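Each of the two complexes below includes chain A, the first together with chain B, the second together with chain C.
Up next is the complex of A and B:
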């Protein structure tokens, strides 16, 4: 589905200054601004195994090193391993002379046919199996080293603290010299403090955990096997570097040493606005659900534009409103936008001066206050304007001057044969209308004919309701949002 | 902010030229080792992080790459994790600063601790003095560390790494190798593929090549330079390496054996891995020369080639007898350490050990300070390295 809408031709200018197709952006309903994937915070929401769709709590995932305990991948080709069962005859526990069938399990790769038997691993009596974990032979040594350096760092910290306390004490002594009659003040200050150092409560010096230094050898551990000069090397018995580094602690050189690899967990992310820290997207907790608790994709909140007819004299754009509110859209040229933006900035800055009288600094503001503060809005306008003017355009649309009403999305409207025609549209500007879609005529004026690729831009002005207002009893007042859009028209 | 509680282990990153190691502090091995490149580019092969044309591109690529690491491999919220960056002291300032900018400004990490890779390697051994040789993809860097202090004036760096071996392999293949199609006819490789991709070259080096022994290497050189000299040693058997389609590359045994010789060949300036070691030891204080030679640590992905470490030791022993060094240096023995890690992530492990201590709380560079100064302290910047500042920090 994304592929259908992921057109690189129509691009929206994100708040961060990059151009993105609409379906790749979020619309923060608190800041009323576009946010792309590069300018939002990503957060790990839930961890799950993408094969068994098991939800793994973070604590458990940490213990298991972000691996699924039941799903395995092929060490040769990274495909998922399948569990196979075989029957073997084993002596019965009741009567050792009789043979009873018993189910045993092994893993096989459906793609490259690698099996756990190939690695010399015995079949397991249970389906999930207790397959060997690759354990690091050096773990004891590393643990000892860790302990050693931890104790050293503790000692280091302790000594620094001691030094600082000594210094402080000497400061107090100088106070008690009573030159400025501060001794009483100092004493009062000190009386509340916990005992430190001086009164026989001295902290014990941390002990250093001793560790044996490593020993160097005259012989290295990689002496060549003399066979290497005479024996024919069979490439299929040697692992590739990708196979080696997938088992970083073992890095087997021979194919026979490969063991099944636990599948890595996947993560579901939630997105948060960098500015106001509101959630822009939050998936549902259940890994098998594809729904969202919060989903502020710009696709559902900002009118969508596609090129309906692409020719110089008869340029047509189709606008579509996928939000649940009807909205009035106006298409502005970049020049119009620039004058609007300048007046808005002035207006906001004067009100910003008033706000400052109320002694509200931006650092103390949170959430709504921050988003709605005039200073923020003015800054947003300014950056939006500079970013928009940076873009190169060599063609201009003749845009309809009037506001166009885009009705809200109504799934039933799709099935109605005739569209309600009670809207007063300028027939020259609006060529077609159905449901929440409108086709407008925007003839093109080409400025620079030398460049073959034509690119034009305009600014969307549409009304959006700030989040949080819906619940209030007052009728929500839509705020005008301005989003620059740039369209690559190709060679026309 | 309770960052140092046990729930939120800091992230350790070692962004190498070829591979990036990433994981958490206090763990025995990195969670993943991945190529330091971005997939899905239009060229098909992916773009390596270090191959950038301008700062903007590097910034963009790093944002994408780290996003991938945080949400695909480590699965953590970057805003709650301290970061430990394991980097070479010779890391380009530009790369370092952009990395810091991306971490502090884009990802808003609370703090970053830069640790020098050569120094932290010693944390995996529990020793204070060692000669650290890092054979990477692009270059080999050597820094002696004496009593916990890297001696920067004695550093050595040469573009002798995995890339040099791959380059030699490519030229040898284009010179000698044949391609055998399904019809059994042999054609020169040059006529089929004029340039081999980095992926294929790396795969051939990793799976088939090795570093030959010193006597065989000398015999090879003698047979090549002197026609009346000894005959070359019998090369290892030829193998067929599958290329795309039905084509097979005839991989000559001599190619497999000789590719890595590029590291040890001495040119007119007499620069090889062995001479770098001796020169660097000579530049170190005289009392430390013997301890350094007896505490060699060889790390880096490039050092994982079979036979490399033993060859390097015998080359150094051999070079000591050269008139240039004979009168100046008298080393008793050469000893090599075996860190409790694979060579390619030994430096990472050092960072993971250091990051698990209190040091991460006391020595990290915090976001607040970065946002005020917009600058990362560096050893080669005089503004950060005056005594006055040191005492203030201490």
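Up next is the complex of A and C:
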């Protein structure tokens, strides 16, 4: 049933101008706009290992190079390594003449049957054995170079700060020092002695970490074996480039040098609206949980449009409201929307002039203030209109003119025996109604019969409640949200 | 069911061959070999000679399309739904599920053909060679560890299979 909701036929226009199906978008309840995966901030929430489901805090992850300490990957085929046990006979500790079975563990890949024995690694006595880490021959040199450059950067920073302090201090001194005779500093400046910075900010000049400069040699360590020209190469014993690069610290050339690689940690991300910086999607802390702490999917806030019947004479669309509040929906043609948008922009810009008088600049507004400011709303309308007009459309719907009420989602409705409330609907427009679903008749007029793929669009107007107003005394007034929708009808 | 299948299969003593498997043509089966039900061993043009201690699981197709004899050695394992047309298979090999070994390929000893791999190369595979991967991306390498023997599995099957299936009588 996923294709029923994930249809590529009905696509909504996001604020960034890209068309996405509804299930791939979020609905920011502060901006009252659709946000898709391309126009949100993606942030790293938690790091975890996808095999042992262990949460790793970011600081620890950085030390461990973003790798899990327990789980290993096959160096040949990149699959997970499994631990297998064998029994060997070992002389027991009490009586050396007796042989006692002992379990030894080795790692094996389930896909390509590579084992740690092929690398020459001895079997470990414990299941979570101490398999060797890949060691880097140049790690000492790299660490020394890093220290050197880090100290250089610190020196740079210190010098910059000193310059800034000097500039500041000089102004300060010229005003106050002579007046109130802050003698020590003023005296030093007059006498031209260098600034010691002893007045409060005691910082030593950072020392540069000395590093030996690299020396060039004519013959390097990893020279090609001259036998490569004479001996026949057996490709089964040579690593592929992929395998070599995966172990970039060692880059083994022979396949017997391949050792197990620690599994890399996976990231759980949280997504944040780029404009108002509220969280749109935040997962739970537990890595094995599929639930979310915050999940503002558009699927649960914006009414859903599905092609109910796809025939040229009798086009029908089904609207479904999955939110907790009932909404009034109106389907507008693009022309109607543009006239509404222009009038709203004028209205907002006139009120925008008044807000300017209160000296509120957009940079000082944060969060929901920013979303509600008339300047923002006017800008949103403008961009929505330009994006909607960019889309090519070669068929038009005849849309019902009045508002249609879509009741809220009620999970108990299917168990109720009482008939649904009688709502006065225009029988020509609204064909069928059940619970929170409504089927609307939208006859099609096609512009160009020759083009095979027909595409039609309209603008969806529905009422949404802005977040941040949930008090019981005041009923929140729904604001009208406009979202352009484009439907590919295929060949009809 | 024995009377319906006009098979002249020579089944050695100790081999467990279920009645529901399909045997066609001139087939020789060695002792302690287990052939599960629904296996198909079809000797179309030439005979098939299967050695001892083999395990041939369900839906396996061993087909001989040439006039030469097809020889399968000892201790091999043919996992579910694999297809083998190779003329010569040695000892201790494993052909995993849904694999396909073509007519021009010969398996020596200790080879492993991974799941869903199609091996059609015109050569005799090196001892211990291993094919893994899928589709057009089949890779090969040589493994040093030989596949372990299946003795315990064969014993278990010899005891359990007769409880649930009719077994063909040995015919020498």
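Criterion: the second predicted complex is superposed on the first by the 396 of 492 C-alpha atoms of A that agree within 3 Å, B and C clash if a C-alpha of one lies under 4 Å from a C-alpha of the other, contacts with A are read in each partner's own complex, and residues count from 1 in each chain.
Basically, contacts are C-beta pairs under 8 Å (C-beta built on N, C-alpha and C of every residue); 3 or more make two chains touch, one makes a residue touch a chain.
From a predicted model like this one, the values you see are computed outputs, not experimental measurements.
Student: Between chain B (first) and chain C (second), which, if any, makes contact with A:412: first, second, both or neither?
Tutor: So A:412 meets neither chain B nor chain C here.
Student: On chain A, which partner touches more residues: chain B or chain C?
Tutor: Looking at chain A, the partner in contact with more of its residues is B.
Student: Please work out whether A:223 is in contact with chain B alone, chain C alone, both, or neither, and reply first, second, both or neither.
Tutor: first
Student: Applying the touch criterion given at the start, work out whether A:114 contacts chain B, chain C, both or neither, answering first, second, both or neither.
Tutor: Once the two structures are laid over each other on A, A:114 reaches chain C alone.
Student: With the two structures laid over each other on chain A, which partner does A:255 touch: chain B (first), chain C (second), both, or neither?
Tutor: second
Student: Considering only touches as defined above, state whether A:38 meets chain B (first), chain C (second), both or neither.
Tutor: First partner only, chain B.
Student: First (chain B), second (chain C), both or neither: which does A:290 touch?
Tutor: A:290 contacts neither chain B nor chain C.
Student: Share the list of chain A residues that count as touching for chain B in one structure and for chain C in the other.
Tutor: none
Student: In the complex formed with chain C, which residues of chain A make contact?
Tutor: Touch list, chain A to chain C: 76-77, 111-115, 117-118, 236-237, 255.
Student: Using the touch rule from the top, collect the residues of chain A that touch chain B in their complex.
Tutor: 38, 41-44, 47, 59, 61-62, 65-66, 136, 138-139, 141-142, 145-146, 148-150, 152-154, 156-157, 160, 211-224, 228-233, 235, 238-241, 244-245, 248-249, 251, 264-265, 267, 269
Student: Please output the residues of chain B touching chain A within their complex, sorted ascending.
Tutor: Residue positions touching the partner: 7, 19, 21, 26, 28-34, 63, 67, 70-77, 79, 108, 123-127, 202-203, 206-208, 210-213, 216, 233-234, 236-237, 239-242, 294-296, 304, 306-310, 313, 333-342, 344-345, 349, 353-354, 356-359, 362.
Student: Quick check on the complex: what are the chain C residues that touch chain A?
Tutor: 112, 114, 126, 129-130, 132-133, 139-145
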